[in-house]
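Structures follow.
Next come two complexes, and both contain chain A; in the first it sits with chain B, in the second with chain C.
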Partner chain A sequence: MAGAFDYALAIAVLPFLSFCLAVGVALSGRDLLPKGGALPGIAATGGSLLLSAWVFLTVSGGETYNETFYTWAAGEAATGSLSEPLTLSFGMLLDPLSAMMLLIVSLVALLVHVFSLGYMNDEGETGLPRYYAGLGLFTASMLGFVLADNLLMAFMFFELVGLCSYLLIGFWFRREGPPSAAKKAFLVTRFGDYFFLIGVVAVFATFGTAKFAGEHSFPRIAEHALAGEATVNTFLGLEPAAWFTVIGLLVLGGVIGKSAQFPLHTWLPDAMEGPTPVSALIHAATMVAAGVYLVARMYGFYALSPTALAIIALVGAFTALFAASMGLVKDEIKQVLAYSTISQYGYIMLGLGAGGYVAGTFHLLTHAFFKALLFLGAGSVIIAMHHNEDMWEMGGLKERMPVTYYTFLAGSLALAGIVPFAGFWSKDEVLYEALVHGLGTTSGLGTALLVAYGMGLLAVLFTGFYTFRMVMLTFHGEPRSETAREAAEGGWNVKLPLIVLGILATTVGLVNMTPVADLTGMHDIELLNMWLSGAPESVSVEQYHHLLEEFGGIHAADVPSYLAGGLSLALALVGAGSAYVLYGGADPEPHTEKLGSLRGVLYNNYYQDEYQVWLAENVVLPLSKVADVFDQAVVDGVVNGVSSVSLFGGSRLKRVQDGLVTHYAAMLTLGLTVLLVGFAVYGGWF
Partner chain B sequence: MVPVEYYLVLSAAVFSIGLYGLLTRENALFFLMSVELMLNAANINFIAFSAQWGNLTGQTFSLFVMALAAAEVAVGIGIILVLYRNFKDVDVTVPQEMRW
Partner chain C sequence: MVTAPPMTPTYLLGLTALAVLLYDSLRTDDGGAGVLTGISVVGALASLGTAGWFLTADTGLVAGMSEFSGAVVVDGMSLFFTALFAAVTVLVTLGAHDYDPIDGKRGELYGLVLLAATGMSVMASANSLATAFVALELASLPSYALVAFLKQDRGSTEAGLKYFLIGALSSAIFVFGISLVYAATGSLLLPDIAAAFESGLGERTGIAGVGVLMIAGGVAYKTASVPFHFWAPEAYEGAPAPVSAFLSSASKAAGFALAFRVFVVGFPLGAATSAGIDWALLFQILAVATMVLGNFAAATQDKVKRMLAYSSIGHAGYVLIGLAALSAEASTNGDVMGAAMAHLFVYGFMNTGAFLFVALAENWGVGRRFEDYNGLGAEKPFAAVAMTAFLFSLAGVPPLGGFFSKLFLFAGAVDAGLWWLAVIAVINSSLSLYYYSRVVRALWFEEGDHDLSGAPTALYAALAIALVGTVVLLPGFGPVIETAQEAATALFA
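Presenting the complex of A and B:
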């Protein structure tokens, strides 16, 4: 019987078809598609959503799928101490995690397509087929990434989403900012992907397979190798455990680039030059999630390495705090959201690093919805403000755009982590995992987790503050400009996505209310936990717990979850409340000016861009000049030398052909004689 | 029966005379004759070994070689005629245009 899994491939293929259609129309140069290609895109993502939902239902029935459907290169002999030759293949892994992610991606993609009708079509943009082609290709690649059953396939789609991000950030290529922002995004993420690529090769060289799940998967082989039951190739003279940490950190390079973690976060704020629906889809809800999704996908591997976990947790927590502090002083609404995105992905990394697989995934889920909501809300505001993004020019939009206001408020409450909105439950669980595992683990990892917990907790305060500073400045008080006084809300295509996401941002947190479950003892309301537990054994929550305890030495201390939750809720309320007090008036003052030079540092992003440019100009450039000299002189020198020998030899040798037929006859004879003598000598005639 | 070595010596002598003519003469007609000599030296070899081993293949081949020699002479004479028409001479050292 044909089941959902037989059609799962179509989830990624449908948006690809819409991409092909839009490209075809764009190349034909005629306005063949109504709405500039939006309708095929909506139909395709709608189809993907339906299929994803079907897959989701099938997976919830306890079935999973993990098959290779195309092998494009197969080795003949095994290398080193491996038992099987390498194969490079495409396949699909459909388990609870990927089914959930498919649903998120296709839903957000559909809503963003609808919203684009309002943001792009109704605003009279040109080049729409190009825009929808980009969205279609992006959706297809992201879904392909989620479906991937091995690291190499994941890497290929990882690069494709990076390409789409580049194309869409640079959509308005005639302006000055977007092309340079696109290039920056491409280069910075590519820097991380370089390490990822080495990591992929290392995984193949070490394990001979890059499959994520199943008995013959690389996390499983790594586990057996650490237990002494399997042999793997290791390099650099390292023990398996240390070498696995190295591989984990190499792959983490790609994660840090894509999920905009410190120090490769600098591209994301600039990426806001792209159209706002693109920011919502790519730079908030899905592509940026690809990085952390990858960590979750190969969690069985990271769980084996306490060092890698500690680094993930520390990078995440530091990024959460660091980005939140920069978000405090920004003046443009999308910039605040960009920094909050970086900060929230920091939380997800913290959750995963702290051994909270469910917590990290949960925050990934809730964040996708509320951040997409906030970006689309910001998009709605930007339409009304005629593309002015400065919050000091806004104010008083609450009465003029009620739907946007209330949905945006729901998203903000979720972002700030106020009960009972989505972000509260998930962020709280992340911090709770960091705390209990930090207290319960005795090794250096425990200390690292506690430090990370402290930073995460402080970031909660900042998050509450910048979120409500943004809400107050945008929607409350008196209008501070002419456009703000005359702002008007968009049509149904703007409101519908906002309402859908608003409802989700309010309620999706209810799927895993751990503090409530602890208080009431009703553990069957932790739906997400149960959902992820239903995975096949090699990728299930129980397996990860087992690995964390056995190899990571992670144990949980006994802390009531409502106490930790109450603490972070109190901090969020303090942050939000102080923003309300400072910016709640009719005509708020720019209080952050009082910070003086500190504000300058924060506003200029800790001069991260400057120091990276300095690195590029003063370190990389001289190095590449040296490399260039080496290339020109030595490499090219050898090549040119060899060819000039042939040239010179040829120019001399050609004089043999002098046109005199007698000489040719002599040479023939000479050649025959030489041959005869040669045969005679080597044939042993003498 | 004459031993095969005699034929071989004869053949080698005829071949060497042909080769010597080819390397030393400047007249194209002598060229042609030298080539004929060398071909016939080969023919003698064929016949000699054919008789030695009682195998008719060699004789058959010598017939082929004769036919080939006739064809070669036809082409060679043609070339010599063209040579004469262009250079008013049949000296092979005169035309040197076809070179690097």
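Presenting the complex of A and C:
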């Protein structure tokens, strides 16, 4: 009987078909599709969601799938000290992690398609087939990325995802901002992907395979190699452990770019130039998630390298704090959300780097829902405000848009980490993992984790503040503009996705209530932990735990989880409360002005863009000019020289053929004679 | 049970020639061009089919079968080349059907082409030097008449005369070489000559050496290799374009067929080298000289047909690698010679196709220079696409057939340890991309203004077949190279 796994490929293929349909119609130039292509997109993502749910149920029954279905290149002989020749293939890996991610992506994609009906169609946007084609291709690429069973296939879809992001951010290409933001997003992520590509090549060169799971997967071979049970190729004269760290960091380059981590985060705030549903889908729930998902996907590899873990944790924690501080002073609602996204992905990285595989994945899950909710809520506000995003022009929207307000509030409580909303449970677990592993690990990694914990904890305070500053300015007080006074809520296609996500943002955290479990001793309520433990051995939680202890040297100290949870909750409440006090009045003051020059630094994002532009103009450009001079003078010089010599030689040779047959006969005979004499002497014939 | 004689493909070519001549002399009206083309194409196709059938069916012929007291032999290689000659004959006769300058004289042209093809087929089967000489003349004499076919055209008659004079000189050298080898070994049969080489030549080494070198000269003439190439640029340029296609593809391949058998079977390399007659070294020198001269001279031409003529010399240089990279008792011998055969096979399609496009251009009357082809791509896209594919395939651009045959050939040279020869070949090959793409640029990227007549059906059909041959050899290259290498390996057994 055909099971869910036989149809799993259709999860990615369905949105691709919707893309093809939309492109076909867009090329025909006629308005053939109802709703500009939204309905095929909704049908396709709906189908993907159903299939994902089926796969999810099948996986929860204990079945997993890890097969290669197409090998498109295979080496003939093994290289170096490898035992098997290299193969490049496509395949699917369906385990608890990917099944969960499939569900998240297809659900958010479906809701975003529905929301787009309200945001794009009802607003009378043009170019809708192009928009829905982009959404369809994006969804297909992201789902393909999640399904991938090896690093190379993942890389290909990773790049496709980046392309779609470019296309969608630049959707309004006739305006000034979007094309430039799209280019920036493309170039900055490409910078990271460059390292990723080298990493992929390094993985192939080192292990001969890039499969994620199974006995012949590269994390497994790496583990055996460190235990001295397998041989791999290493380069640069490094020991296997050091070389694995190098590979891990190369791949991490792609992660940092895609997941908008410091210092490659600068593209994400600009990417808010795209349509808001796109921001919700791409820059909150999925594409940015691709980076951290990759870390989780190959966690068995990162767990082997304490150095890589420490870097992941530190980068994550620093990004969390750094982005949160910038979010404090922003005036536009989507900018606040953009910095909160960067900050939250920092938390996920911190969780993964701190050895909290479940914690990081958990925060990935909850964040996908509450951040999609917040973006769609912001979209709803932006519709009502006629595309004015400045929070100082809003105010008092609470009464006029109740559905948006309450769902947005649920999302904000989740973001700020207030019990019992989703973000509390997951963020708390991330911080808890960082704390116990920081205390329990004796090496430098322990210190690094404690530093990271401190930064993460401070960021909680900031998060609570900027979140409620945003809520207060947008929804509370008196309306501060004419549009805000006349704001009205959108139709069902706006409200329905908000309600669905609102419920999820409120409740999804309940799947892994570790503090409650510790307090009551009922560990069977940690559903996510159990779910991820059901994976095949090579990618299971137990395996990662074992690797972290044996190779990462990570051990947990005994700290009650409710104490750590209480601390972070208190900080979040302080942050949120002070925002309420400062901005809760009928006509709030712009208090951040009092920060003086510090506000300028924060508002200008620590001049990150400026220094990157400076690097491009004063370092890269001169180098490129030198390379250009080299190319023009030396490379082209050699090429031109060769061609002039060839042509000169050719014209000489041409003159030999002078048209006189007597000359030909003479030269022929002469040539034969030379050969005869030469060979007679050489061969000693006479 | 009636068994078809092993030489059936050759007989079919000869009989078709006679049938064409018979019909041509009996017909009373001026028409009948369709019937003549029909007879030629059907006869050549029958020969091609029989050769293909003998090659693939389990007839035992691939292993080799001697006929006429060992004067000829039918084996995998002879069948492979006969199939190639028949295929080129199909393309050329089909293409010539619409070639206006030969109106009213098609019977003679087809008859001569078919007789030459018969001679070439016998060349591929020749197992004795006497047969080789007779076959060479049977192939050459119609060729002289074919080049001079346009009696009113000064270029054509001049080229024919030059071709004949150089041919006569070369034939004399060839037959002189045969007589010397006979003097040294006492036989004209290749296996007997080989036996004499193996048992030692003693005092007669010098005589045999001069003979071998002179036979190599005769072969070099037929393959248009340096220094016997002088006839080729003028003959190809002066001849009617379908004849140029025939000579540069089939005739060249026939020369190689003869060379492969005579040198590999008749003058075993181990014995020859130890006697001081290192003919592999000779072919290395000829290969380098031929490819360098052909490609460099082609780069500076300004007429398309003459460029193709020189490029044809360059390709002879590549194929010579098939002989140059041989060494005594090496396991790579069959592979590299098979690759050379496969390159000739692919060349038979792409080069014939390119010359047929020139025939088409002559029919349209657009002129002979590169710039005269400007803008043809916009006006006749199919023909221009086909020409582009032929040229890129000739240059060895992937994924066309010419890329794979060159790849196997150069890789064979590397495997045989002659990496320097492969490097020179690759350099030449990349230079060739320069002059081939000049035509492509003219076709597609330059503006031009022409008043072109229609698209002649038969010529277009011939272009289409050649295009299919060039492109389909991409997935179909496996069988071709396997057959060729199997046939070549059998020679060394």
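The definition used in the following text is that the second predicted complex is superposed on the first by the 674 of 686 C-alpha atoms of A that agree within 3 Å, B and C clash if a C-alpha of one lies under 4 Å from a C-alpha of the other, contacts with A are read in each partner's own complex, and residues count from 1 in each chain.
Following the convention adopted for this analysis, a residue touches a chain if its C-beta (ideal position, glycine included) is under 8 Å from a C-beta of that chain, and two chains touch if they have at least 3 such contacts.
None of these values were measured; they are calculated from a predicted model.
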Chain B versus chain C as contact partner of A:Gln657, first or second or both or neither: both
First (chain B), second (chain C), both or neither touched by A:Ser643: second
First, second, both or neither for A:Gly683, with chain B first and chain C second: second
Touching partner for A:Leu519 - first (chain B), second (chain C), both, neither: neither
Which partner, chain B or chain C, touches more chain A residues: C
First, second, both or neither for A:Ala666, with chain B first and chain C second: first
Chain C-contacting residues of chain A that also contact chain B: 654, 657, 659, 661, 665, 669
In the complex with chain A, residue positions of chain C that touch it: 161-162, 165-166, 169-170, 173, 205-206, 209-210, 213-214, 217, 226-228, 230-231, 233-234, 275-278, 281-282, 285, 293, 296-301, 431, 434
Interface residues, chain B side, partner chain A - complex: 19, 22-23, 26, 92-93, 95-100
For the chain A and chain B complex, residues of the former touching the latter: 654-655, 657-662, 665-666, 669
Chain C-touching residues of chain A, taken from the complex the two chains share: 643, 646-647, 649-651, 653-654, 657, 659, 661, 664-665, 667-672, 675-676, 679-680, 682-686
